């Protein structure tokens, strides 16, 4: 099992990263934003696994595990907040959340 | 390592244990007072257990935590700040509708995250500490569910924080891919072994900087700051402004020194740009701001910029500067937000400038405290803020950073204007929109504000008290 | 027992007294205020006595009490502490001893003062001629004000606490000034006494004249203070320390005599001393400072604060030894001041202004002594002068109080019988002031003049002429006020708290000359005073007698008449010149105030203001521009962050 | 063989992600996201990170995505939402973020390619991973549990029905 060059793996993770980023920047639906955020986080996890695979030690996967934990917790809290927002404003439009500015 | 790492980790264990205990307490019976009391006891116990590792420091506790005097000093600072915030929270929430027992629990986990950050010597603890802090903060910011602004603030913070974490992780992954090391010191060895600047490691570090700059609300990653400061409950704002930022800055400095990133000149250029933008931008944004919490938010952007100047200056003085400036900044900021918190009621958050009109005539002591805190933030002599700024100017002039020095001076001038605007508003006669709470109801907050006032003046007049402690930790991180 | 360690506590008690009175003064009863105000200084004086006696009976080794390090940043480390040697012991005794007596005196003086401010007494007499009748209008004005203010009793109680709070603050600052081991702490005390002086001159602030006088004193001394500040920063910059002893050592080691550095440093220090000690050309504030209550004049503007300049020069004498031109300037300025102020004192009608000019003149003697290198002689004169001038002021205060706030000597008269203690006090004080034998002033002034003669006979001649004038002006009020026809009916007599200080000060004035302070341990021994009678000492000793005789001829026996002298029109301009303090005020008015006013008028639409307005507008505009970026939208924030990350990556790559 | 699989899976992952961020219907987006996650899981397997691959499928694609499903169900996103999404997602809105992302990707690509080439594929077995995880990284595990606790409590609190009174706006 070898043959995947590390830089190509990293390039893929970078590509997923920026795709997720585009999602965060473009989508106004809060749920879609959160999903895009998951993509971004997952991309960084991929980068760690790629790097770990290069060095052949477990650190990369452990970092991925931690990222997974974060993603789970963040999604939990994020969705909780989204629910509250929907209950209160009856919309999921991120741009409507601009009462505070200036 | 002469000591069982378990004992060395006692401060962390105590905080985590208290958090679990509070949770179990909630499960048995919801009780507002006891939950807070338990959390307070936990923090105090953790402060006491700091003595255990102190004797044998530095200790490598497990793989992830490196406890030296530097870390222990800031742990003490963060725990004290956390205790103060807890006290403010108690008074702030005690008369409000709803269930507030989760608040001390979340505060404890956030504090635990900050402590881990400070003791961190490894990317894993770096990241997990940061996220532990962040996740707890999302919930804390949005804690008052019935307030639209809190929700908005929490959601903004969550999404932007997620993005910044992603940048941070990407940076770490790039560095890991290049060095195969997650230890700060291992990265330092790698960098030292390289002939010239390694672009991948440099870019990774830059991405980490971008992630941390978000937490530190440095321009151009500062956007969330005013909105979150405004939306969060005042004591939580104090927590974000002090504990969260101090912990991240402490970590940044440690990472910088132990990974040898000072040898990367481009990094310092980037920092100079960020610092300049933060100082000028923060102060300009604060200039005509009428919302006191937003004003303090913008001013905190500038303050972080000042501290970054000290980081850029480097040299032997940087650890000293941090060790003085951060405590000074913490006590002043908690004091300022403490006043906001005391003035806030269940109906209105006291963040409009109009709430402060004529405060001197209604609550003279409170107004005097606020004035003192603002003067300290502005860096007026005889307050602790002045000595802090003095450190920064000393460092900057020592390293001949004339441009940044100029920015600091201009920024301080602008700062004086908007801080004094509040003081002027407080001394004006006239009607106010704020409801007047009777004096003496908020005993915990009053005590905390009194202690902070005393400290700000005392350390401002006689800074040696703190400096002596600082000198003992400066040798540690080389 | 090791008493000397108590040194650090000495300034603490007045400071504590100040804090108590400032914070709780309104709630304390009058007697409690007096206990706190006087008691704190009494404890201080007691401690000073213990510390001083232990020091003087010991080996006279300087005692250094380190109080701690104030600040320690990088290479900058400022430690502070107290330093006790014979010089500071002298000052310590003067400040606490006389300070205590005056506080005691003030406890009664201020309490028995039936009104808040003496409204009708202008601090600058509007009637420059002693023989003109006073306007009756002022009398009626005063009485109407009196009744008005008597009703307002609570305001008065506040004044009592306020007075002692200020006085205690002054004491604390003055003690810090004299005990400090480094220039920075000394400067803190220096500014502290300036503040105390300002507050106390303007104590009766309801009268705008008093406020004017206070401001004038503040601004005039500020000129000197600025010079001092520059001087001490120069010393720090060049010699890298604020510690006085270290500075003196390094200065002597590193700087050759007469070079630019020591001359500049000494000149700047001298500037500070001139301002605080009211010497030419910064002397004009002191006569106006008499607007404050009489105990204030006695303590601050005669016995202690104004001698701070003398102390400063004595303390840093090593620098002055390295700067001969500056030393010469000290002597010359001192000599000129003593003559000019003496002439002015000749023609004043306000009893306190006479004393004020005499103070300037006597400090002139001290400067003269410092200038010729007679350090210990100067300090000795400082000591004796503090005692007898305090005595004179307190006696004058008693007279003023018993004559219902009358200041003009020509409206008093014949008080010898009705106020015997005041009379004897004033008599003995004046004798010491004019250096008649067997008084302390005789010894000290004689020493100064004989030392001066050894350096410069010309200066000595000026000093002798000054001594002659001193004799005239010091006995003129004695003869006018206490002899002749009694003008006032003295209804009340001072109580023990006013009499006791007078008695003690009389004793000290008579026998203070026998004191011998071991100042030789501090200063290089320069002069051997020749005690053999010769022509010089004969002239020196005789000059005051001539002066007293002349005063007697004019004002006691009536052999010559002042009125007749007044008839000579030719003399009028000279008299007016003297009266106005040589017209220096007018000169400054023409030189500084008027041009400034003209400039201000010319620049009514301030050019500088435009600059500020512009800055404000630019700031405002920038604020609005930047604020617009804070849109409140998450996606905008996120985009900016991503852009930021891209930018810092780019910057990092580029550089 | 591995390389071909890698390219293929990568293509699927990128395609799925692009589809996900462009879907109007959240559930469709979610399905594409799951596809993307699954393909990343396959990549993990190819990279020799077997344990991570399993976790990716079970926890990421399984557990976490279920959360999304629940919330989407609760919010009952119907046709109106899709119409609104269509109105929001004007083609012009994509330009700015895409350019920005392109810039960032370009920079990262340069950085990554600068780092030089290296082989991957050393297998780290679940046992190795477990030894390290419960050895030196034990503290990280504990802290991760605290993180989940905080997330749990936070989500619980934020999920509570809001109080009616005391609104500030």
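We call the chains A, B, C and D, going by the order they appear; numbering starts again at 1 in every chain.
We take it that a residue touches a chain if its C-beta (ideal position, glycine included) is under 8 Å from a C-beta of that chain, and two chains touch if they have at least 3 such contacts.
Being a predicted model, the structure only gives us computed values, none of them experimental.
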Fill in: C-D against A-C, pair bridged by the larger set of C-beta contacts
A-C
Worksheet entry | chain C-chain D separation of Cα centroids, rounded to whole Å | 79
Worksheet item: Where the centres are mean C-alpha positions, what is the separation of chain A from chain C, in Å?
Response: 74
Worksheet item: Could you state the distance in Å from the CA-based centre of chain A to that of chain B?
Response: 26
Practice prompt. Return the distance between the CA-based centres of chain A and chain D, expressed in whole Å.
Written response: 5
Worksheet, complete the sentence: Residues of chain A that touch at least two other chains are 6, 10, 14, 17, 20-21, 24-26, 28, 33-34, 45, 50, 52, 54-55, 57, 59-60, 62, 66, 69-70, 73-74, 77, 81-82, 84, 88, 94, 97-102
Worksheet item: Using the touch rule from the top of the page, what residues of chain B touch 2 or more other chains?
Response: 124, 128, 131, 135, 138-139, 142, 145, 148-149, 154-156, 159, 163, 170, 174, 177, 199, 203, 226-227
Fill in: Overlap residues in chain C, where contacts from two or more other chains coincide
627, 630, 632, 634, 638-639, 642-643, 645, 649, 653
Practice prompt. Once you've mapped the touching chain pairs, tell me: line, ring, star, complete or other?
Written response: complete
Item to complete: Under the touch definition given earlier, write down the residues of chain C that touch chain B in their complex.
Response: 68-74, 76, 619-620, 622-624, 626-627, 630, 632, 634, 636-638, 640-645, 647-649, 651-655
Practice prompt. Note which residues of chain A are touching chain C in the complex, please.
Written response: 21, 24-26, 28, 33, 94-95, 97-102
Fill in: Complex contact set, residues of chain C against chain D
639, 642-643, 645-646, 649-650, 653
Response to the item:
In the complex, the residues of chain A that touch chain B are 6, 10, 13-14, 17, 20-21, 24, 30, 33-34, 37, 40-41, 43-45, 47-48, 50-52, 54-55, 57, 59-60, 62-63, 66-67, 69-70, 73-74, 77-78, 81-82, 84-85, 88-89, 94, 97-102
Discussion item. For the complex, give me every residue of chain B touching chain C.
Written reply: 155-156, 159-160, 163-164, 167, 199, 202-203, 206-207, 209-210, 213-214, 219-221, 223-224, 226-227, 265-267, 269-270, 273-274, 281, 284-285, 287-288, 316-317, 320, 387, 390-391, 394-395, 398, 414, 417, 462-464, 467, 471
